[in-house]
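Look at the two complexes coming up: subunit A is in both, with subunit B in one and subunit C in the other.
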Partner chain A sequence: MTARPKAWLLGGRHYSTAASLALAAPFLVLALVTFILPLASLLHESLFLPAPTLTHYQRALTEPVYLRVMLRTLRIAAAVTVLTLILAWPLAWVMARSSGLKLAVLVASVLLPLWTSVLVRTYAWMVLLQKNGVVNQLLIGSGIIDQPLTLLYTEGAVVLAMSHVLLPFMVLPIYSALRGIPEDYGRAAQMLGASEWATFREVIFPLSLPGVTSGCLMVFLLALGFFVTPALVGGPRQMMIATLVSQQVREMLDWSFAGALVGVLLAFVLLLVLIFKRAVRLDRFVGSA
Partner chain B sequence: MSAPARNAPSRNVGRATLGAAAYAVTVFLLLPTLVIAPMSVGPERYLRFPPAGFSLRWYREYFGDADWINATLFSLEAGVIATLAATVIGTMLALALVRGRLPGKGLVELLVIGPVIVPHIALAVAMFLVFEQLRLTGTLLGFAMAHTILALPFVVFTVLAALYRFDVDLERAALSCGAGPFRTFRHVTLPLIAPGVVSAALFAFIISFDEAVVSFFISNLDRKTLPRKMFEDIDYNVSPTLAAVATMLTLLTVAALVGSHLVKSRLDRRTRTNPPSS
Partner chain C sequence: MTTDSKISTTRRHVTRRKVLAGALGATTLAVGGRALAQSQEVIVATTGGLMERSLQEHFYKRFEAQTGIKVRSVPIELPDQWARARAGQRSGNIPFDVVTATPPDLIQHADILEPIDCAGLPGIVANALPNACFPRGIIRTAGGMALTWSKKAFPNGGPQSWADFFDVQKFPGPRSLPDTGDREWWVPLAALLADGVAPDKAFPLDIDRAYKKLDALKPQVAAWWKSGDNAMQIMRGGDAVMMMVYSSRSVPLAKSGDFDFTWNQAIRDVGNWAVLKGSPNVANGIKFLDFFVQDGKEHVAFSEKVSFDSNNREAPNLVPPEERRFRPSWPENWSRLVIADYDWIAANRNALRERWVTWLTK
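Now for the complex of A and B:
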């Protein structure tokens, strides 16, 4: 037995290049068939069929009908991001300052919805918001209104239901950023004479910004391409880009145009990811679960 | 609150407001899903809150309907295959990323996170296009493959976290004592990352069982998953059978989360009885 470790043991890298490739091979094959090839074919469809052309992209970006869908998608995604941020911050803050049973209850209330079926949660909002649904029953029962309100199939309903579905993606990164701030920082600021509000504004909130950026990016990206919730809660009048893509493929059988819409969506997503590269941290979600 | 609180009443008000807001948000998070459960046991054709009585009629409806049961069984099959595949492939890849010398590592990492960043609608339509040509739409293999690539990022990141958590000296010790890479993996690495692998597998299963968007596009009329069936039914009517299905799915999620927590803390405790490293 030699006392000196062999060179290939250094740095914990004990697999050769060949062995590493063999370990990664199944993933690479799967990724090729289910990810690279499909996306490449769809984009190819949008650019080269029947001949090299940009008309599909031009149509997607200039025709008022489609432009409206794109703008609505951006508006709803932005509204959902803002609403989830407002709802998530206080919860993340209280979680970061809790421990024991209290923390367990709060974490469970974030993780349970995160892992509950998106369809179940969307269905729940439809039940709550429909004409004779729970919300209208409550409002009428308490005498606030006497005619049931149209709540379902409105932009507000889409924003509300999507915020509910995406809220955990905002809470978790902010929580993980806040948990990293030592409690002494706040105390130090106040001992130096800062008011509660000044402490929040000058110390705590700035230190939570990495989490806020990460959460906003995640929620905004997921909201842009969201299909299930807007399709069901929004109905045809509140169409977002995902529903438009689906309609082009399933009803119009227009693959080239659907490909162009996906191309626009992908370009937007990639641009955001490149700008905020450091904020895309999947391990935050997995780590806390 | 102790003595200094007397000097800062505004501080207490601020804290209380923040706390109240936080709890209000947890109610917002939990209530919509939980409100379905009592409504699912109502006897009437229309969902009512509170329910007008107690009846398991809509649960019987679900269990008596071949379409629902077939969709559920198909989801289970696809889920089990995707879970096994994602767990094995993901663990292998995580090992290659941390312990190996992988050319183009950055590119591979980008490819792993790809299915999370690329909107599912884009992936769904793209897969539909290619799967149709490969005759994979509506097949178990097609669903298993699609769900595997979607669950993989979660497996890879969970296993990576588990691999980073223990001291690589333990592996070095085994290797320098003459154990080959396989024996080292089997007797040292695997037991140490087991909690991570088990929880990764559970999450892979939930992701597959729950996946709706890709399934919506790659299914056909006779082979569909439970979420696809739910999607169709929600579109047409908000029926109490759906409430029963939703309630059962929620209970399943609770069971999976509690199970994952128990397995993890038990395995964590077991691995912690080993001599501490470093």
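Now for the complex of A and C:
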């Protein structure tokens, strides 16, 4: 008799609600203690301390300075998402079509940076981009320019360094989506007369969408909360919302206002996820990848 | 190895006693108190890096060897340190014994700092620099926020005052200023000095005048440094030709040959030790402060590493003559430093910070 997996290993529908909750309990407790409770206490502080008030939210939403920081945060996060998508898709495609040593090398080149400290990678960008840095020296040495360019402390530098740090979060979901597409599909399309471009446009890319959407969502949300990289590679003119929140907490000791900033950001992110879910019908992809 | 295991045994023992004392309740308060007094540990918070390593080498290790009290060192930035100390005061769980405090910190956070009996501590009476022990802290390190420049950018002599720093006609090139620590008064103070205000007339600071001067310079500020390492990186990388930076960073830059700095109008930058009220090992904290000021030779060696002077009255006489140019406490240098009105700063700090943050974000 062949050994068959036990019924409880086969799928969710075999669990009772109680069993599901019990299995998820360690995570739920962790999330509650380390995330939900502190967040709730911060939001509570923003609304009710010392007395119930909306002034902190009013300040966060009406002061031009804070609005500008929020808009800039959105713009930078969007730029990082687009850039990582452009870089990640072809890479994920090559990975999905590779095997053996080639695949191992590619996977390692995606994962190794992920395991390197963000701070180290940010400092590396500073060394590359500064006035006497590697990039400027190469450009001057090859005669393309004769005066060093200002590369560091610009929004471009922030987008570049953040994209580098967040790239793995885009590559991996797209890779796993592409990996799930049988090679026959592409061949079938071409046998039916589709050109390479049409195959990509009509078959491969749509099938990679679950990975693309989860990658985009992940990179965008991570980018919104980015802290170290914009603080070091950018200047005050590139300040993002996380830096503003930390400034309020660490320097102004104004927890209420920090809470209001966090509240605004959180509300915005939730709204965005909702819209996103509607627009791309995330549920349609669940289980298909 | 053997020392380690011995200490950990003692510590376990103490912990068990504390637990026991707690369990037995109020009648054993005296035992609990004794257990606390005998605690074999002191938690010291300092900004990490070179400072922490050098303190370890010249003070923490000797303190452990001589008293058997283990130093637990916590690297942390000053704003975080105070945020956590304040949060600890609220929750009753105070995270450190000894903390690092700037002079305005000593005033601003006086309510959570343990008083220090300067006249009653033998080490301090015998070894500390004159006027270097205060009601709530003692001087740990001293230096200045000094004007530092690249000799390559200015081969015919660099800027000599804050007026020169703000003069982009005479000294063209990108500037760098701090966005950390006490910049909310360092930078406006320098701006006022640049605008012609005499150092002894600078306080109370004319904030509007200072920011008007700063507005004019802002486009020339290419980089706002976040830490000492970051500042040196900016100078070496060529992203700025001059900056305001801790003298502890100017000295190694100057010694490397490509840079120079002046003590003229440098804003005196003192770091203090203080002890948090109600911390787990208050007595050990005070003991550490009293220990710190002793042994001039160790202070000279320590100063050489961190490029800050420290608090020992014998040390200045032990400094070799060729080193004196780099020592803030050498009388010729010391007299050129600008000393701030810390009471005024402490009283106006929130407004100063608010102004700085909004101005910088704009």
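As a working rule, the second predicted complex is superposed on the first by the 234 of 289 C-alpha atoms of A that agree within 3 Å, B and C clash if a C-alpha of one lies under 4 Å from a C-alpha of the other, contacts with A are read in each partner's own complex, and residues count from 1 in each chain.
The rule we apply is simple: a contact is a pair of C-beta atoms (placed from the backbone, for glycine too) under 8 Å apart; a residue touches a chain by one contact, two chains touch by 3 or more.
Small disclaimer: the values here were computed from a predicted structure and weren't measured.
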### Task
With the two complexes superposed on chain A, say which partner A:213 touches: subunit B (first), subunit C (second), both, or neither.
neither
### Task
Quick one: classify A:126 as touching subunit B (first), subunit C (second), both or neither.
both
### Task
Look at A:232 in the shared chain and tell me whether it touches subunit B only, subunit C only, both, or neither; answer first, second, both or neither.
both
### Message
In the superposed model, which partner reaches more residues of subunit A, subunit B or subunit C?
### Response
B
### Message
For A:34, using the defined touch cut-off, is the partner it touches subunit B, subunit C, both, or neither? Pick first, second, both or neither.
### Response
first
### Message
By the touch definition at the top of the document, which applies to A:249: first (subunit B), second (subunit C), both, or neither?
### Response
both
### Query
What is the contact status of A:154 with respect to subunit B (first) and subunit C (second): first, second, both, or neither?
neither
### Query
Can A:65 be said to touch subunit B (first), subunit C (second), both, or neither?
second
### First, second, both or neither for A:45, with subunit B first and subunit C second
first
#### Entry: Touching both subunit C and subunit B, counted on subunit A across the two superposed complexes
123, 126-127, 130, 132, 232, 249
### Message
Residue numbers of subunit A touching subunit C in their complex, please.
### Response
65, 68-69, 123, 126-127, 130-133, 148, 150, 152-153, 231-232, 235-236, 239, 244, 247, 249-253
### Query
For subunit C, which residues are in contact with subunit A within the complex?
77, 79-80, 82-83, 86, 179, 222-224, 226, 230, 233-234, 236-239, 350, 353-354, 357-358, 360-362
### Query
Which residues of subunit A touch subunit B in their complex?
1-2, 5-6, 9, 12-17, 19-21, 23-24, 26-28, 30-31, 33-39, 41-42, 45, 87-88, 90-91, 93-95, 105-106, 108-113, 115-128, 130, 132, 134, 137, 164, 167-168, 196, 221-222, 224-228, 232, 241-242, 245-246, 249, 255, 258, 262, 265-266, 269, 273, 280, 282-283, 286-287, 289
## Note on the structure
Listed in rising order, subunit B residues that touch subunit A in their complex are 8, 10-11, 14, 18-19, 21-23, 25-26, 28-30, 32-33, 35-36, 39, 46-47, 49, 88-90, 92-93, 95-103, 108, 111-131, 134, 145-146, 148-149, 152-154, 157-158, 160-161, 168, 171-172, 175-177, 181, 184, 199, 203, 206, 210, 212-213, 216-217, 227, 230-231, 234-235, 238, 242-243, 246, 249-250, 253-254, 256-257
